[in-house]
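The same chain A turns up in both complexes below, where it pairs with chain B and then with chain C.
Moving on to the complex of A and B:
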């Protein structure tokens, strides 16, 4: 990290470490996505065993979740939690150690997955030793946060702090449960209950990790950027509790066409529609806070990212509620429609907010302006173009697949009609990869460039 | 409401615990453990193949979950709870980049899978599945054992069929072209053997046939129909050299029947799910015109001409 060689880490050293971690792994993660997309148009392009589609797809997904988005959000969290509590982080040293182990866990995850050491359960692929590392870093983050809370000088907890603490505690718990860490060799239950548990967990990676952390960042950045008090404390409360009550128990909407108990399906469908409440309550609260102040939001590139992310949250969630309807799933299930939804949620919503939080806190933790506002703006437009493009292209692919299958076409027969869209998708992947490279350069120069040399 | 740290952390963990109790624990204790009527245990070899399936991420492109609305492979048997009782982890999958594999066992003979794993484009020219040649033939065989067990008792029945006919096909092939063609054609029901291709040869029909041939047949029967496509080293009996059919009473009906139904025991797959009727006549006539060099298109007996014919 910083080459100061001082015994005592500087303030915000942890936040810096997480920011650079996120910026770096975004490059790797988007590269893996681009490679995967390329292999779907030219399957013989890579003949190396550990780089074929079946190996890099889990690497891509896990790196996006745990390498890019989560550390990016945590970079902002480690900045705003001490600020909001008017104290210092409990231990910058512990924070740095955490960031170090976080990166070790990521390297371990990438190398094991590429080598084919996987448990084969979507979002829970990592093998047991890596699982333990992940659980450990979540515990370390939690200790640091909760001890900071304990030493606060500000008696009231702001809503962003609730979200951060709850997200880390809940994810630690669901990760242990979802990865069945008490069964080291397979990391799974058996039969249909394994599917139920897996999708409880997979769904909660979005619902209990990405969403609350993103909302916490949005709750911090938006009022700050537009210098307005939060619209409503009551709505914050309702949004916070209803998110955890509703989001946690609808994972079975991933299994509507599988023989799981009907009552579980009914609950998951009904309350997927019910998700409108936690989503809209939070969005109304945030958007009313920003009412009449969009100029301020637009003036700060970080806030711009975050605000766009909240709009994407709206789209992802409304779409999600509709996708939980069995009639809709007849067409959309098992095809690229779902992949499109996943990119609206993870990239356009939480990814955008992670980048926004990062750019918002970066000047403040680096103690100087961004290396280049222009590059940050460019990255904004590239990410927006890439993710909006994904939403359109993958939805089209999904509709072609879904309708064709419903009419009795075989999977093989439909492949040629997907080809042009797969080419488009790979091109959009190239755009996102370049945006990641630009972002990494910008973050790196801001944090570690020569002092005074920035333009 | 006062949001103390305790309220936030304990409160949210309590909600989680309640949800886990209802949506995870209750389904777990009330789970059904009776095997379904097609269930059987996996052999050691199949279990090893399943581990390869997991290690190579087949689950990201293939589902093992047949739904009521499916038409494709395996649609005859909708998934039941009792099919999965030994699956640890369960491999339902979430995306059909490739077809569902619940009932893949016995769909093809082992040599088809060998060629397909070496490079899927060999047997399926438009495939986007990764080539698995890097696994080496030993691991491919292990993986194939798992794939051939998918469908459990139903797969076993299909595999028995494949083995029985494989022996006969090899014997016929080794007896020389004359005997082989006689053997191939003798299993086609008489009605089909007497039937010429009812549609006249037309440039448009040949163009359609050519496209279909390239999309479905090229890797095996080869660009010039002599049976030496890239698949040839991997399967036995090798793909048919169409020229041996000349002068051996191969009617349009025989071609249609064989393309529609496939030839169990050989790598020749059925195309009834991929191709509709006119397409089968078209590709059959393309083969007859260009490779066999002998077509009975539009000859007697013909019945009444179809309303739309040139």
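Moving on to the complex of A and C:
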């Protein structure tokens, strides 16, 4: 609020609200992950019904998606969209209201899921009233962004603006469709069509929300941190349009071992391999922009997070394309290998870029330096260690499970061999939880602390 | 019967995408791409020579390169394992 009337929100108040939202919910989300991982090695450790693994797991997943990563990316979006368009955000007040409803939706999601109210569909567990809240906040974000675009003074839309607007518009539609909101009682169709729709949603909530938002942030932060123009804006637009042409069809590659129509499987496999095009277009563009300027990247902790996130994007994407091959999938699917893949995608790629965007814009929206660069660096290494560790450990566990399944081994005989890896997994969860606590403290002190001079 | 949902979504999606692409073309969004490259830098001081990496920075780059190497090796190993294991 302004110092005089306390009536008009200050510039970037929306960005601040989303940054603190992300930092807070990262703590809760990683705690839920740690608790779930602990219950996998000691199932009786918590004898409270609403903290059972079956309830903790969807809370963890939905909080990482909508509590930590998306608000972190939106914090950066609400900073760079007005700047790139040389105007002010359409309405900071609307932005603050949106952030408020966003948090209400998250509280509602956690409460209902812990109470056992669930649609029972992976990644789409939240019940109908919460679904409506989620759709509403996406509509509010979209109105704010599109009205800012309409009132712009810069005629050209930079690729980050394209990505941000498309991500929000497409996710609103994907969410409505994927959660079958026209069937409030169950939030689902029946049988195989529901599985197809669910994986359309499960894959696109990542590919049409987190991926474009993350790429939008990376396309802004890397040229800015390197003080170098983007290698090619034309190439970036090729990547933007090809992502949406290719990505929307690939969810069914999670159902190759399921009786869905063959034509749909073929499309999903072909387009999964086709994803190599938009991915490499983005990475070549960003890495050429940063070429010879790693010193600049290292000097800014936000850019460091973002650049690392682009490397993880490479891994998550080649894994995704590779997994779509039926020959590979019979070993890697329906086991912890996919969980590892999800952690590389959501945590190591999008999560890293969300934290990077957040740390990049924090000093600019707070008007003072980061509370502690050391703590931010520490968080960087803890997140990198945790996410890389997850990738290694969960890949090993997945291969053990996949190979045992192929050999007809019974589950109970395989479980003991997984145990040490599950202990490692919980330890890595503890590292990530610690990193989230450090991050929240640093973000809170930067935004609301008294220390530091005005920038 | 699930085709109507998908068909409707695809037709609406394709229609909207064509509308937006048409607007972008008409609005000159695909022109002046050279200037678009510089948009994030608006208002920034001109670039100077990039600072050299510090010793700690170099160590961090080596650390990151190690993570990349392990990741690539793991990916190749999974691919080989899946394809060769019968």
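Convention: the second predicted complex is superposed on the first by the 445 of 455 C-alpha atoms of A that agree within 3 Å, B and C clash if a C-alpha of one lies under 4 Å from a C-alpha of the other, contacts with A are read in each partner's own complex, and residues count from 1 in each chain.
Basically, a residue touches a chain if its C-beta (ideal position, glycine included) is under 8 Å from a C-beta of that chain, and two chains touch if they have at least 3 such contacts.
It should be emphasised that the depicted structure is a prediction, and the values quoted were computed from it without experimental measurement.
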Overlay on chain A: chain C relative to chain B, clash or fit: clash
Chain B versus chain C as contact partner of A:296, first or second or both or neither: second
First, second, both or neither for A:237, with chain B first and chain C second: both
Partner chain in contact with A:399 - chain B first, chain C second, else both or neither: second
Touching partner for A:157 - first (chain B), second (chain C), both, neither: both
Chain B versus chain C as contact partner of A:119, first or second or both or neither: first
First, second, both or neither for A:52, with chain B first and chain C second: first
Which superposed partner A:173 touches (first chain B, second chain C, both, neither): both
Chain A residues touched - chain C or chain B, whichever exceeds: B
Chain B versus chain C as contact partner of A:184, first or second or both or neither: neither
Partner chain(s) touched by A:196 [first = chain B, second = chain C, both, neither]: both
Footprint overlap on chain A, where chain B in one structure and chain C in the other make contact: 157, 159, 173, 177, 189, 193, 196-197, 237, 241, 244, 248, 330, 406
Contact footprint of chain A on chain C as seen in their complex: 1-2, 5-6, 9, 13, 17, 21, 24, 27-30, 32-42, 44-48, 50-54, 57, 60-61, 64, 67-68, 70-71, 74-75, 78-79, 81-83, 85-86
Chain A-facing residues of chain B, complex: 1, 3-5, 8-9, 11-13, 15-16, 19-20, 22-24, 27-28, 30-33, 53-61, 63, 65, 67-73, 79-81, 84-99, 119-121, 124, 126-135, 215, 273-274
Residues of chain A touching chain C in the complex: 80, 83-84, 86, 154-160, 173, 177, 189, 193, 196-197, 219-220, 223-224, 226-234, 237, 241, 244, 248, 292-296, 298-299, 304, 308, 311, 315, 318-319, 322, 327-328, 330-332, 337, 384, 388, 391-392, 395, 399, 403, 406
Chain B-touching residues of chain A, taken from the complex the two chains share: 39-41, 43-44, 47-49, 52-55, 57-58, 116-122, 146, 149-150, 157, 159, 161-162, 165-166, 169-170, 173-174, 177, 186-198, 200, 208, 237, 241, 244-245, 248-249, 251-252, 254-255, 257-261, 264, 267, 330, 334-336, 338-339, 401, 405-406, 408, 410-413, 415-416
